[in-house]
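Next up, some structures in structure tokens.
After this come two complexes, each holding chain A, first together with chain B and then together with chain C.
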Partner chain A sequence: MALPLPTGLTQNEVSFLAEMEMVTVVPRQRLDSIDLLGGKTPQLRPPHRAQLPLWLALLLKKQRRANIVPPAWMHPASLAEIIHRETKEDPEAFSPPPPPPSRALYAQPGTARRLNHQHQPSFLDDLTQTTLDSQQQDPNSILSPPFLPSNVAESPAGYLPYHWLEIAEALLTHAGDDMPAPAGEVRSLLRDLVEVRAAKMRSSTSALEGFGDAWLTLRGVGAMELAENRAFLAGLVDGVRKIGASAEATRREEEEEARRGGEYGGDGDEDSDEDMGL
Partner chain B sequence: MDIDDILASLDPHPPSSSSPSLIPPETRDLQALTRHWVAERSTPELLSWPSDGLFERINDKIKRQIEKVEEMTGDMDPKTNFALIVIQTELERWKFLVRSYLRCRVGKIDKHLLHYISNDALRTRMSPIEEAYARRHQLLLHNHYLNSFLGTFPPAMQNLNDTAGNISMIDSPDLDSAVFIRLLKNAEIECHGVDVDGVLTGKEGDIVILRWSDAKGLVERGDAELV
Partner chain C sequence: MSYYDIDAILTDAEKIPCTFQIDVPDLGYLDNQPGHTLKAGSRVALPIWLAEMLAIANTGAVDMDDPSQSSKSFITFDLPSALGNDVVQALKADPRSVPLRDQSAHFYALATHMMELSEEPELSAVLRKTFVSRAAEIALHARKVGGGGSSYHGRDGGGAGGKGKGKATKEDNASNLGVGGAGEEFLRGLDEWERKLFRSAHDGTKASKEWMENVKKR
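Take a look at the complex of A and B:
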């Protein structure tokens, strides 16, 4: 067996992904730039902050070479706000994902541009027009987690990034002393959050109950929550599809017939109109 | 602080974070590799081998990095020693990604060997090495069957790709399996369900569970990615 794992990322693979997230560190020692496969690391000069991938930050932390600045959303106030939103304001949905990050432009002071946006060519462009043009064609120019800076010190408070649970777990385990509040307090808030969201995850499946619907949207869900429930959700969706396969085939045939009837007969009755609309 | 640092701090060029769209090519390679890996791990069928030479480039880089590690192991200065640990850790992470990606593909090819080699369009999804592997694997397997039991059957029944009676012997992956995608742009998705079909108006950042056959077009256009 070439790969004895089920389809879809497992929890271990998800935490591996989360370790690619960028975090902010405050170095305690000088460290020259290292030429890595993923690009050069910034030169570390205490006390200048630097952004490093989580795996490297944890390595430095374990060797006491750096402290990790926890992302703003991990602050107790921010976590409490998220819990409030999840329980009181919108007890049905997950809290929304962080807004796409924007950056001010060096070339045009006063202009902000989305970090993640498909580039719109205009006369206001950067000095780097040619590079941008080549990137525009490339779907990889759209960043997504874990490559968005959603866990650095400057990332907005009050939003859970996609890899929130893994990041929080890693930071609490290895950098508990760097937390803005006692690690226990952060941990208990996180536990509340996990429970609130786990309940939502479970109730989201009741929306699937009569899974006649063709999709299920889980905006704001986290990677680990998804990994935990992946087998269940996918199994449920696939199971319903298999049970309803013959009903679906019949329905499609009928629709096809109604459409054909509409075309040839010319009398567009209400049913076929509806079908056309779909 | 030495003179280089002072010069660096006076550098008139913008720091990388202020020119948003300019992603360094190394990071883009890593993102592309990661995305390919996640996609391959999440879909029921084999996806196309990246045609832009991504893996050739990555393999070259990994090879060069291994040589560098070997060079650096020579001088055991404690300072470069730590850099060496970092380099090796990162190297292992990349190697894991590449290995897991390739194994996942081989796993899919093994599962539906004939499906992928009997169809021209599907065959082009494989890299030349994968195709050679699949053909060889099928040859060995079929010969083994022939030697052990298939040889005693009438010649007309010795094929493994019969389509008699409108039922194909070739097993194919279930393209309607549920997958999880994240929309990278606002998009309208035509979805097929059991009771009802419909058009989902999705917002950027939405995580949607739907059938792979519905999601495929979006993913190929780069409007969505698998998660």
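Take a look at the complex of A and C:
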């Protein structure tokens, strides 16, 4: 109230956070491992690809010491597929977020299991646990979009990671020559996608029109889109809540009444028992 | 609702039609008859804060002759004209074409306050539909305003305008020219809640545009 600060993250904060995401680079020079707060970066040896945080990759790219391999989902074919899905296949919902990373099981050929996913313990665990990547620290942690390891570098084609818009903008601006297609083509596809999803964001509000629960589904919406629409959507849902508040209060009172009737109705008063049955 | 919320204070100052149930001596000046007794049954417009108190409080007088009349409230109130039947019917027909601000600058706040005082299940449903469908229109306008640059935000406003009603398609031409034409008329008819909503949607779009332009500079 006193502070005019907006709630939630601003666009600049979101794009700053997006620079923590990992991208794949092809180094052009040798570079020793750097001891950063978040852990050591891999040693860079020219023909070998390595995973670096986006900010470091952009820095090396600007110094012409590395090329950035654009993530698979930024390929024009992948973007076109996503646009097709958003417009033709499912014009209502946003395209789903990347599936959680999974890995084939050595012990059971033909099956796969999610990494880091909670599962029923079985005798197979001892066999598979040793084959799991040693980098997966806690097998019981529950994954949600901002913390998925598959967000950027490993995100499969056809899915938009949480920080898609920020990363795509940064890569197109600073590493346009590393794109698999002319940067202009990727950019125009990206523009189309932004347009489609912004229109969808606005039409998604019609879900609140009916009388019922005031909720919106925002599955698959990226961080930047959230930052842009947070204040509007929150204001909208809050307004709907205020309008329905009195009706809600009466409904609760009636429920309370009915419940109390049920509790005290059993004291020999047959009429109220019959009422409860209705 | 905060104590210092200026909108809440202004909403409480909105007048609603009330009918006095009892004679009140020396209150005639409310009905343009100074010095006289305000007769029972006279209709006076009172601000909500006063009407609420008078409607809830009772006289406390005990009438021996007729116990049912012993503690009636000072006044009864009706819905203000802003929430009258004709407005509700117009909102049912087409929420976007009603300039709510002409009814009351704090239309929704007034309506929710009235719904707290008296149960109006139908009004609640109509208002909800009105608020949501107008919000979609507001979001559309919020993206257009000031979107005259080369960025795709302006283009988007125009492209998505076709999804609205017939009025929105007319505005497609004006999408890059800021507020203008029929859009201005719609935006002038927004009540305070909707203005806040417009502002937040507009600020979000603007901040995104600024960020988009800043990416290139860094």
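One rule holds in what follows: the second predicted complex is superposed on the first by the 202 of 278 C-alpha atoms of A that agree within 3 Å, B and C clash if a C-alpha of one lies under 4 Å from a C-alpha of the other, contacts with A are read in each partner's own complex, and residues count from 1 in each chain.
Quick note on the criterion: a residue touches a chain if its C-beta (ideal position, glycine included) is under 8 Å from a C-beta of that chain, and two chains touch if they have at least 3 such contacts.
On a predicted model such as this, the values are computed, not experimentally measured, just so you know.
Residue contacts after overlaying the shared chain place A:P97 against chain B, while chain C stays out of touching range.
By the touch criterion stated above, A:L56 is placed in contact with chain B alone, chain C being left untouched.
In the superposition on chain A, A:G38 makes contact with chain B only, while chain C stays out of contact range.
Of the two partner chains, chain C is the only one touched by A:E169; chain B is not.
Touch criterion met: A:T205 reaches chain C, while chain B stays clear of it. Of the two partner chains placed around the shared chain by superposition, chain B and chain C are both touched by A:R230.
Residue contacts after overlaying the shared chain place A:T217 against chain B, while chain C stays out of touching range.
Within the superposed three-chain model, A:V240 lies in touch with chain B and with chain C [touch as defined at top]. In the overlay built on the shared chain, the residue A:L9 is in contact with chain B alone; chain C does not reach it. Within the superposed three-chain arrangement, the count of touched residues of chain A is higher for B, of the candidates chain B and chain C. Residues 1, 211, 230, 234, 240, 244-245, 247 of chain A lie at the contact with chain B in one complex and at the contact with chain C in the other.
Those residues of chain A that touch chain B in the complex are listed here as 1-3, 5, 7-9, 13, 16-17, 19-20, 31-32, 34-39, 41, 43, 45, 55-56, 59, 63, 65, 97, 100, 102-107, 113-115, 117-119, 126, 128, 131-132, 135, 138-144, 146-147, 210-221, 223, 226, 230, 233-234, 237-238, 240-241, 244-245, 247-248, 251, 278. Considering their complex, residues 2, 4, 108, 111-112, 115-116, 119, 121, 124-125, 127-129, 131-133, 135-136, 139-140, 142-143, 152, 155-156, 159-160, 163, 193, 196-197, 200-201, 203-205, 207-208, 210-212, 214-216 of chain C touch chain A. Across the complex, chain A is touched by residues 1, 5, 8, 14-15, 17-24, 26-32, 34-35, 38, 41-44, 61-62, 65, 82-83, 85-87, 89-91, 93-94, 96, 100, 103-104, 106-107, 110, 174, 176-180, 182, 184-185, 189, 191-200, 202-211, 214, 221-222, 225, 227 of chain B. Residues 1, 6, 10-12, 15, 169-170, 173, 191, 194-195, 198-199, 201-203, 205-206, 208-209, 211, 224, 227-232, 234-236, 239-240, 242-247, 249-250 of chain A are the ones that touch chain C when the two sit in their complex.
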